[in-house]
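Pasting a structure below so you can have a look.
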Amino acid sequence: MDVFLQTLVSGVLIGGIYALIGIGMTLIMGVMHIINLAHGQLMMVAMYITFVLYQYLGLDPYVSLFIAMPALFLLGAVIQKLFLNPLLKVDSILPENQVLMTVGIGMVLTEIVRIIFGSDYKSVTTSYSGSVMYLGDIAFNTPMVVAFGIALALTAGLFYFLLRTDLGKSVRATAQNKEAARLMGVNAERITVLTFGIGAGLVAAAGTLLLPIFYLFPDIGGHFTLKAFVITILGGLGSTVGAIFGGVVLGIAESFGATYLSMDLKDVVGMVIFLLVLIFLPGGLKRLTKI
Amino acid sequence: MKRLLTMTLACAVGLAMLSFLGCSSEQKTEKAEKAEKAVVAAPAGDTVTVGIILPLSGGQAKFGEVEKKSFDMALDEINTAGGINGKKLVFMYEDDTGRPDVGRSAAEKLINKDKVVMLGGGYSSSVTFAVAGVAQQNRLPFLINTGSADKITEQGWEYIFRLNPPASEYPKAVESFLTEVVKPKSAAILFENSNFGTSSSKEFNETCQRLGIEVVLLEGYEHGGVDFKPLLVKVKEKNPDIVYMVSYLMDASLLMKQSKELQIMPKAFIGGGAGFTLPEFIENTGSAGNAVFSATLWYQTLPYPGAKEYYDKFVKLYDGPTEYHGAEAYAAAFVIADTLKRAKSFSAEDIRQALAETDMTTVFGPVKFKAYDTKTNQNDVATYMVQWIDGNLELVWPETHASKKYMYPIDWAAMWGK
Amino acid sequence: MKNRSWAQLIAPLILLAFPLFVDSDYYRHVVIMALMWVVIGSSWNLLAGFTGQVSFGHAIFFGIGAYSAGLLKMHLGLSPWWGMLLGGPMAMAIGFVIGWICFRLRGPYFALATIAVGEIFHLLFKYFNNFTGGMEGILIIQTFRSKLPYYFLALGLAGACVLTIILVMRSKWGYYFISIREDQDAAESMGISAFRYKSLSLMISSFFTGLAGAFYMNYMAFIDPEVVYSLHYISIMAILVGIIGGVGTIWGPAVGAFIMVLVQETFRSSIFGLAPDWVSEAHALVFGVLVMFVILFMANGVVGDWKKITHLFTGKKQAPSTNGSAA
Amino acid sequence: MSFFEAIDITKHFGGLAAVNDLGFEVRQGEIFGLIGPNGSGKTTVFNLINGYYPLTGGNILFEGRQINGLPTWKICKLGIGRTFQVVKPLRRMTVLENVTASAFNHTGDLKVAKAKAEEVLDFCRLGHKKDFLASGLTIGDRKRLEIARSLATSPKLLLLDETMAGLTPQEQGEGVELIRKVRDSGVTIIIVEHIMRVIMNLCDRIMCISYGMKLAEGLPEEVANNQDVVEAYLGKE
């Protein structure tokens, strides 16, 4: 029973981190219908910012959150404005050229970081990195619990933003129909810049929160990009609550896969579920729950 | 139609340029090489170039860097002491980025374009294996100093020599420690799903069967995971006497940290080399890494001539500690120099001959290539066991060489608290 | 018509003559790699550029081809050259199955599905190490020490691949492929089974990619799952080769392959040793920047936007393109 | 055996019935008009005949053979061509290539297909623009291209979806003439159209639907004067 419970707890907690990664992607995919294959690389940049702040200024990662998120917001906005929006005016054979652009952006980000920091592994070990809470025999890693809480808080915040503020409503309008939104006086271009910025800011939070319990190197991004779109598809495009749901489902699925199948097959389990949902459940798991 | 024409023309021009580059480069590279030689050469005016293939970028760059520094340090000493019979020794480094296909291309380039007299280096098992194939086919001697998959020296390749022991022998010292001290009944083996991880874990699994230790869990994992708890929770459930892990640095750290979180308390945690002996391991893990054992091939207090001096000089020069990988590289550099000095000429055959006749002592211990079991041209090396005691890596086994008495049995509960 | 046949003779002739002028094994090696990428890039382009189905999973077929050759050697002790016969059909069969699963999806969802399938193959080939050799990989000793046989084999493969694509694109299939790319619904209403013709396109594409994989096993002599099933170094590279050269053009991927390999090799050797060492670390960066540049300013790649490029130099104003089609 | 027959066809989207128990018959060689207010389900009917949507209920028979459940391309092969209300030119192909692609419907030979395409283009008076890229055509020419492309599949039954919308009166006149010519060449036509002048001019029989249900069917004048039809268009007074 302990094995089962501990696996479940691990899965849910890692799901919180996954959700944070996915929530930014779901916003980007939902509004702009762009699959952002540089998502993990943006997270990597945020992690390096956090790392530098910690290493040279001694800033706690949780404090860095307030620097890394705005910084990535800016980076995301710049990427959207300079590299993605211009593509809307380009007539290309493949409508997917925006996706391919993000591949290029991801490569460039990775290589710039590699030239600056080298490909060494870096890590940040804080006093609370290994701190654990116990409930009976079940261990809860404290930084992961915190990350989970922040994931929930950010989701709630985003939910409020999208539902209650004028700007948020414009974002939703743009997501539903760009042309119509434009006719209603929404500056669609600015909205996409804003959305990509917010998406990047959110994944920055994921990176910063992950750093105390993980490590980083320039190539770390690709792995998490894959996770991000798996989560987004699982949760349903553009659904913020769906991202939490998708993240936790992926976390649990991987954990159980690792415990009851093999640690080797953890990622296979995630990919297979992803493929099944993509093919048989378009719209993601949220269709089942009607959230 | 016209477009097609221009296109093809463009291709043609590009190719023509390339072929021009190619044919002129033959002469050019020679010229350039000479020019290069002229710049770097000692007054004697001649150099001998050896190609060294190491991971200088990518995930294994950490180890590659330690090895490159050690090679550089040795090179400096060799040339200061007169080089190769008056000729200056040059190491030409190529980055394999940790990928076998890149390593192969690098070897091709060193052999065919740069015309090196022999190859050295070889960090990861897959890269080394791929490079060894190229070297053997081109009949150019290759001295491996780290790549440890058993297969490499089991092919009967006469041009491939290995300074370090094969992966299966890394835990030799661990074996005697287990039979004499721990006497475990059960073991869990966790390994990274890489060439080194797979082959070492396979071998250790066989060792356990031979010793009558029940292997309750043998499981690989993908590098780069955040959460090892689903794996560790199984370890905890099976409650083995020892946990043996083959991991690179970061996974090693995470495994120990998360083992502490789950309060897994076997009689001993033993690492299979690689990630468990780096100073970063204890930095990352803190108290979770304390009392962890690891197989190793070298320690600075071993009674080999120059071992301590190498360690101290390295620390002084590069402001950071070194470990067995560095010692392997440093020793390899001296073996290369010794071979080239003894070789009748710099032809591949003469160098191979000289390499085969090597019989010297290095900081890494005695070096002599022989055939034993199914292996050929393999240096037979003694192995050791280290343990992290109070934040320091100490040699604990065999006891005759120990720098400190091993810490066993281990009171995890007291050390970790809850 | 005259111009075309004349131009098409030139390129193969120069490639045929290349090893006569260049006897450096290193430069031959570079061109062999470029030719291999011509095959992979062109195959990808048939599916993505002409049929509109962007695959992020061409490493699957490359890997199947390579392992067909490698496993024959490992389990049956057969020469891996037999893999050149088996690799193509095996990859084609796998391509058919993957198409059957993934062609239910359109556009970017198809792309995502291929990433997932690619990763599943990668991980499973690692996991079943008793059968595949896992991460210990498969190593053979090359049959020939000379580069020449490999050079001409690669040239033959590239030629066969490009020629097949030219012929296909001039036939009914070619018209159907492009129709599907342009508008799948319209194509269906024109009597075109999108599913069937997408599958055909994928099968031709995977066949040649599989052949390239089998060639890789024979030539590079070492494979493991990380090498041949790499998302980054095979699947994405195939895409970038296509994009740089020109998606949806016959010769684009060929040009893209040469550009990619040349950029990689020149930078990896620090521009032939003329530039400082750190330049060698920048090769991936340069390539990434090149990709971004091409997508932004030359959406149809070097070949597709050739006019634009030449006009940039001659200073002519660009005429509106009237020949965007490839057939 | 009737040429074409829709028997009680029904289509639900979610809970909404877009087409409800609709039945009608089309005779060989006639031009059959389908009219109705906006959103009455005309295009949906085409999408059902054409196999783009699966039926919720009912049956569709073509030359005595049940065609519902068949994929779109197979229905086309059997001899039902269609045009789209929102034209779908294959933008990066020339006009000739567009039509050639669909002329491959009954042949595998490029020469035969090309000849057929040229013939159809001349028939549709697009011959002089055959080397234009489809993306560069005017809206009128795009509509012609739609018709040419569907004609090139050699259909026995042609579904024309608002081919006149957005055209100038002159172009409309040419369109009417073209459609007549098509019918005279032996093709049966079902036409959805908003412009009453065109419908009254062209059609042998008309059916009017509203909310997916049949309001009236018969000769053009009968339907035009039907009280329900007038109400549906103008609203009840």
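Chains: A, B, C and D, in written order; residue numbering restarts at 1 for each.
Definition applied: contacts are C-beta pairs under 8 Å (C-beta built on N, C-alpha and C of every residue); 3 or more make two chains touch, one makes a residue touch a chain.
Everything quoted here is computed from the prediction, not taken from an experiment.
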Which chain is the middle one, judged by CA centres? C
Higher-contact pair (C-beta pairs counted), A-C versus C-D: A-C
Between subunit A and subunit C, centroid-to-centroid distance (C-alpha), Å: 31
With chain centres taken as the means of their Cα atoms, state the distance from subunit C to subunit D in Å. 42
Using the average of all C-alpha atoms in each chain as its centre, how far is it in Å between subunit B and subunit C? 34
Nearest whole angstrom, what separates the Cα centre of subunit A from the Cα centre of subunit D? 47
Specify, in ascending order, the residues of subunit B that touch 2 or more different other chains. 57, 193, 220, 222
Quick check on subunit D: which residues sit in contact with 2+ other chains? 92
Using the touch definition from the top, which residues of subunit C touch two or more other chains? 123, 126-127, 248, 281, 323
In their complex, what parts of subunit A are in touch with subunit B? 2-3, 6-7, 10-11, 13-14, 17, 114, 118-121, 123, 125, 129-130, 132, 134, 137, 139, 141, 210, 213-215, 217, 219-220, 223, 254-259, 262-264, 266-267
In the complex, subunit B touches subunit C at residues 1-12, 14-16, 18-23, 25-26, 32, 36, 57, 95, 99-101, 104-105, 108-109, 112-113, 125-126, 129-130, 133-134, 136-138, 149, 151, 193-195, 197-199, 220, 222
Can you list the residues on subunit A that touch subunit C in the complex? 33, 35, 83, 86-87, 90-97, 99-101, 103-105, 107-108, 110-112, 114-115, 222, 226, 229-230, 233, 262, 264-265, 267-268, 271-272, 274-275, 278-279, 282
In the complex of these two chains, what residues of subunit B are touching subunit A? 57-59, 61-62, 65, 193, 219-222, 224-231, 233-234, 236-237, 249-250, 253-254, 257, 260-263, 280, 283-284, 286-288, 418
Per the touch rule above, subunit C residues touching subunit B in the complex are 1, 3-4, 6-8, 10-11, 14-15, 17-18, 21-31, 33, 123, 126-127, 129, 134-137, 139-142, 145, 220-222, 224, 226-227, 233, 250-251, 254-255, 258, 262, 269, 272-273, 280-281, 303, 306-307, 310, 323
